[in-house]
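For clarity, chains are labelled A, B and C in written order, and residue numbers in each chain start from 1.
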Amino acid sequence: MIWSRHNILSPSASVDTLTLWLLRGAAGAAMGVVLLILLFLAMESWPALRHISIDRFLTDPSWNPGENLYNLAPMLSGTLYAAAGALLLATPLGIASALFIAYYASPHVASIYRHLVELLAGIPSVVYGFWGLTTLVPLINQLHPPGASLLAGILVLTLMILPTVALTAYATLLAVPGEYMIGAAALGLSRWGMIRGVALPAAKTGIAAGVILAAGRAIGETMALLMVTGNVVQNASSLFEPIRTLAANIALEMPYAMDDHRAALFVSGLTLMVLVMSLWGVAARLARNGDG
Amino acid sequence: MYREPEPTPIEPAKAADDPLGKADNGYTLGPMQVGPACCDPQPLIQVENFSLRYGPKTALANVTLDIYRGCITALIGPSGCGKTSFLSSINRLTDLIPGCGVSGRICIDGGDIHDPARNVQALRRQIGMVFQKPTPFPLSIYRNIELPLHEHGVKRRVDTAVIIEQVLRDVGLWDEVHDRLHSSALNLSGGQQQRLCIARALALNPRILLMDEPCSALDPIASGIVEDLISRLRGRYTIVIVTHNLAQARRIANYAAFFWVRGQAGSLVEFGHCRQIFESPAHELTAAYVKGARG
Amino acid sequence: MAEMVFTKSTRTLRDWFAQLAVYCAALLICAAFTWILSDIVRGGMAHLSLDFVIGSPREAGRAGGIGSILVSTALVLAIALMAALPLGWTTAALLANHVSADRGFGGAVRYSLQVLAAVPSIVFGLFGNAFFSIYLGMGFSILSGGLTLACMLLPILVSTAESGLRAIPDAYRLSAAALGMSRTSTLFRLLLPIAAPSLAAGLLLGIGRAIAETAALLFTSGYVDRTPGSLLDSGRTLAVHIFDLSMNVPGGDAAAYASALVLITALLLINVIAMRLTAGWQRRKIMSQNSNGYSNTDVP
């Protein structure tokens, strides 16, 4: 980018210098926010980490802060089950949506459909949760009580992360050089042959990065899952059993948590953040390598 | 200690200063500096041992030449021989390129442009520059010229309006655009955009105009119009023009400087009267280039 | 020969099957979208009226309206934007114009913004509760909720503004410099006006994200459904209201539907305007490229 180093002494350059320092100050403040967040999460988690040994978060008999029992494992498994199930559904649907926009639909239909997916991404999670609660849960209840279950969570979460998968996949497909496709067509490949043989391999790192971003979103999602999964702390053994996720647990217990209990919630928050950040790190690395 | 020279004021040129211009159906074209009488050359820009590098790579080595007041000097030579780098060193636009370093001296009216006390913005105000691709800002035609004027202290609406009309007349654009001054400059044709860029540079009342292949992105007709315009500016401004079009250089330039790549870096091979460079070049490289490009 | 025909027919079969699958997926998603939207619209229209929009909630929200909720939402939003916009846009200007964004200070800023974008909203809620509500003593208040949201909006505002500024060709910066313009006035008089549509689009996206947010506000701005008397009062935003009605208030569904309809309508409007803006911006960019796209050949 453009910069300059000679004109520091000239009079109007002092305005530039002032502006530069102002901009630097703002950027520094933006950076400070991140440090502040990390600092406060660590500070608030500290009592729990000091009083409770780390392995107890996975080996205690149950989650019962009143009796000093802090097993996060069932909620961790609930979070991961829900996220994995949603990814399993959203990945093929999302990629298919991207292919539909990029290669199958007419330009007009494609643009309508793309806007629809963008709107889907803009619906707030509390509305998804509310819809799940009033529509999906009763339906599942007819199928297999109690209704509020892992399955309901997976379905709602699928709708929520699908746009992430679809839009990133579409963006990467768009970046596949047109010559590749023309070259493939010249070889007499059919449409699906071109997609499977040329487009998808060329776009695979970008698509993978999108899926990982979606996984991050699924793990961090709070409200929708809080509203439809029943919030029972247990290791689900079937799709129809209720679960509680880590994020939902924080939202549920934060209002009345004290001392070690509160600190334990911050520990689960920190865990979530580390999980999501490492996923984003992997996605960013993938996207970078995909570029080069 | 270096002292900033008194800047030339930016104000509408008075037609009385310039009887020649008045005869030329209302064009004013700025005050005459020195006539195109090149038999009495006065150096305005003096370049001594100037070298320029991008990081470790030397782009231009040991250039020494004088550029004469009121004349058109063409820089010719193959691509990558440092012509454009040389041109943008004169208004220190090279400062903006990371890792770019210079040595040697470039003096304008005896003052070194790299003097630390030099106000770069004032320097650039006195040196207009026109790029290869027309670069009007995505603003209205009027605003394109008003913006730099405002930056340099011309804030009264009356003054700006007078200057804008005058420079648009000077580049022959007034009749074409006077009824749509407030529509986007991007809707102009390529040649019109380039003339607008020239007008924008002229509005600041510069002494020197740097032109980097101003016609090469234009179609032949627009190119011809811009070329005529440049010829008309001779004598009022000191013009340094980079061009790959030798016929054009021959038509409009008083002096020509031939650059060539020696080793890895560009350097000046020969400088002289345009006629001499084209008809009796002293150096065999020049002779080969001028002939080869002609044949 | 027979073999050729065979491979060809399996190939067309596979092509046909792939096409079917892709169309089915697209249809399924359209159906789900229509289902959600029609549910909300049908449920919401029954309860929605002008009185509902301007009235105050009674009986924990079962009756009455959402007037005070909308006031709280607007206040939280205003605080968030007032804090995040100056910070976000100046940071973007720095990253796009003044420093190398990959190394040194610029790299560090960009990296921390990426981290910020990855933080789940519930974690913002935890942080806001610990820092703004307790450490800075703001309690459960509009101010604390707004500032928490501001932290969340920062990465969106920076990235949209930065990409808008980066999309401006360097030729403009060079020409401005050649005309002797300082970098400050180039930024304020030339670059920011040119990038205005993308700044506006980013702003709208940020507003959308802010009014959709629930988890970060649960324990920062709180649940109180009265009209807040000051910025230090607790106030319930629309999204939190929907959550509370559907989870904690038996018989609150009708009001929740209507509130959801109001929220969705607002978000749809914002989205449509943002799309318009970005589309217009792209069109302008293409136009300017076309009008500059002459043949690059030398004149003979």
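Everything below uses one rule, namely that contacts are C-beta pairs under 8 Å (C-beta built on N, C-alpha and C of every residue); 3 or more make two chains touch, one makes a residue touch a chain.
Quick caveat, the model's predicted, so the values are computed rather than measured.
Q: Give me the ID of the chain with the smallest distance between its Cα centroid and the all-protein Cα centroid.
A: C
Q: Determine which of the two chain pairs, B-C or A-C, is joined by the larger number of C-beta pairs in contact.
A: When the contacts at B-C and A-C are counted, A-C has more.
Q: Which chain lies the greatest distance away from subunit B when centres are computed from Cα atoms alone?
A: Of all chains, A has its centre farthest from that of subunit B.
Q: Provide the C-alpha centroid distance between subunit A and subunit B, rounded to the nearest whole angstrom.
A: Using C-alpha averages as centres, the distance is 55 Å.
Q: I'd like to verify one number: the distance from the centre of subunit B to the centre of subunit C, where each centre is the average of its C-alpha atoms, in whole angstrom.
A: The answer is 47 Å.
Q: Measuring from the mean C-alpha position of subunit A to the mean C-alpha position of subunit C, what distance in angstrom results?
A: Comparing mean C-alpha positions, subunit C is 15 Å from subunit A.
Q: Going by the contact rule already set, what residues in subunit A reach two or more other chains?
A: 1-4, 12-13
Q: Give the residues of subunit B that touch two or more other chains, as numbers and ranges in rising order.
A: As it turns out, subunit B has residues touching two or more other chains at 96, 98, 120-122.
Q: Two or more other chains in contact with one residue: find those residues in subunit C.
A: 100, 173-174, 177, 182
Q: Per the contact definition, I'd like the list of subunit C residues that touch subunit B in the complex.
A: Result: residues 100, 171-182, 185, 189-190, 193-194, 284, 287-288, 291-292, 294-300 of subunit C touch subunit B.
Q: What residues on subunit A touch subunit C, complex-wise?
A: Those residues of subunit A that touch subunit C are 1-4, 12-13, 15-16, 18-20, 22-24, 26-31, 33-37, 40-41, 43-44, 92-93, 96-97, 99-100, 104-105, 113, 115-120, 122-131, 133-135, 159, 162, 190-193, 195-196, 216, 219-223, 226-227, 247, 250-251, 254-255, 265-266, 269, 272-273, 276-277, 279-280, 284.
Q: Touching residues of subunit B toward subunit C in the complex: what are they?
A: Touch list, subunit B to subunit C: 91, 93, 96, 98, 120-125, 127-129, 131, 133-135, 137-139, 147-148, 150-152, 186-188, 190, 193, 197, 200-201, 204, 215-220, 223, 244-245, 247-248.
Q: Show me the residue ranges of subunit C that touch subunit A in the complex, using the header's touch definition.
A: 11-12, 14-15, 18-19, 21-23, 25-26, 28-30, 32-33, 35-36, 39-40, 43, 86-88, 90-91, 93-101, 105-106, 108-109, 112-127, 129-131, 135, 151, 154, 158, 170, 173-174, 177, 182-184, 187, 208, 211-215, 218-219, 239-240, 242-243, 246-247, 253, 256-257, 260, 263-264, 267-268, 270-271, 275
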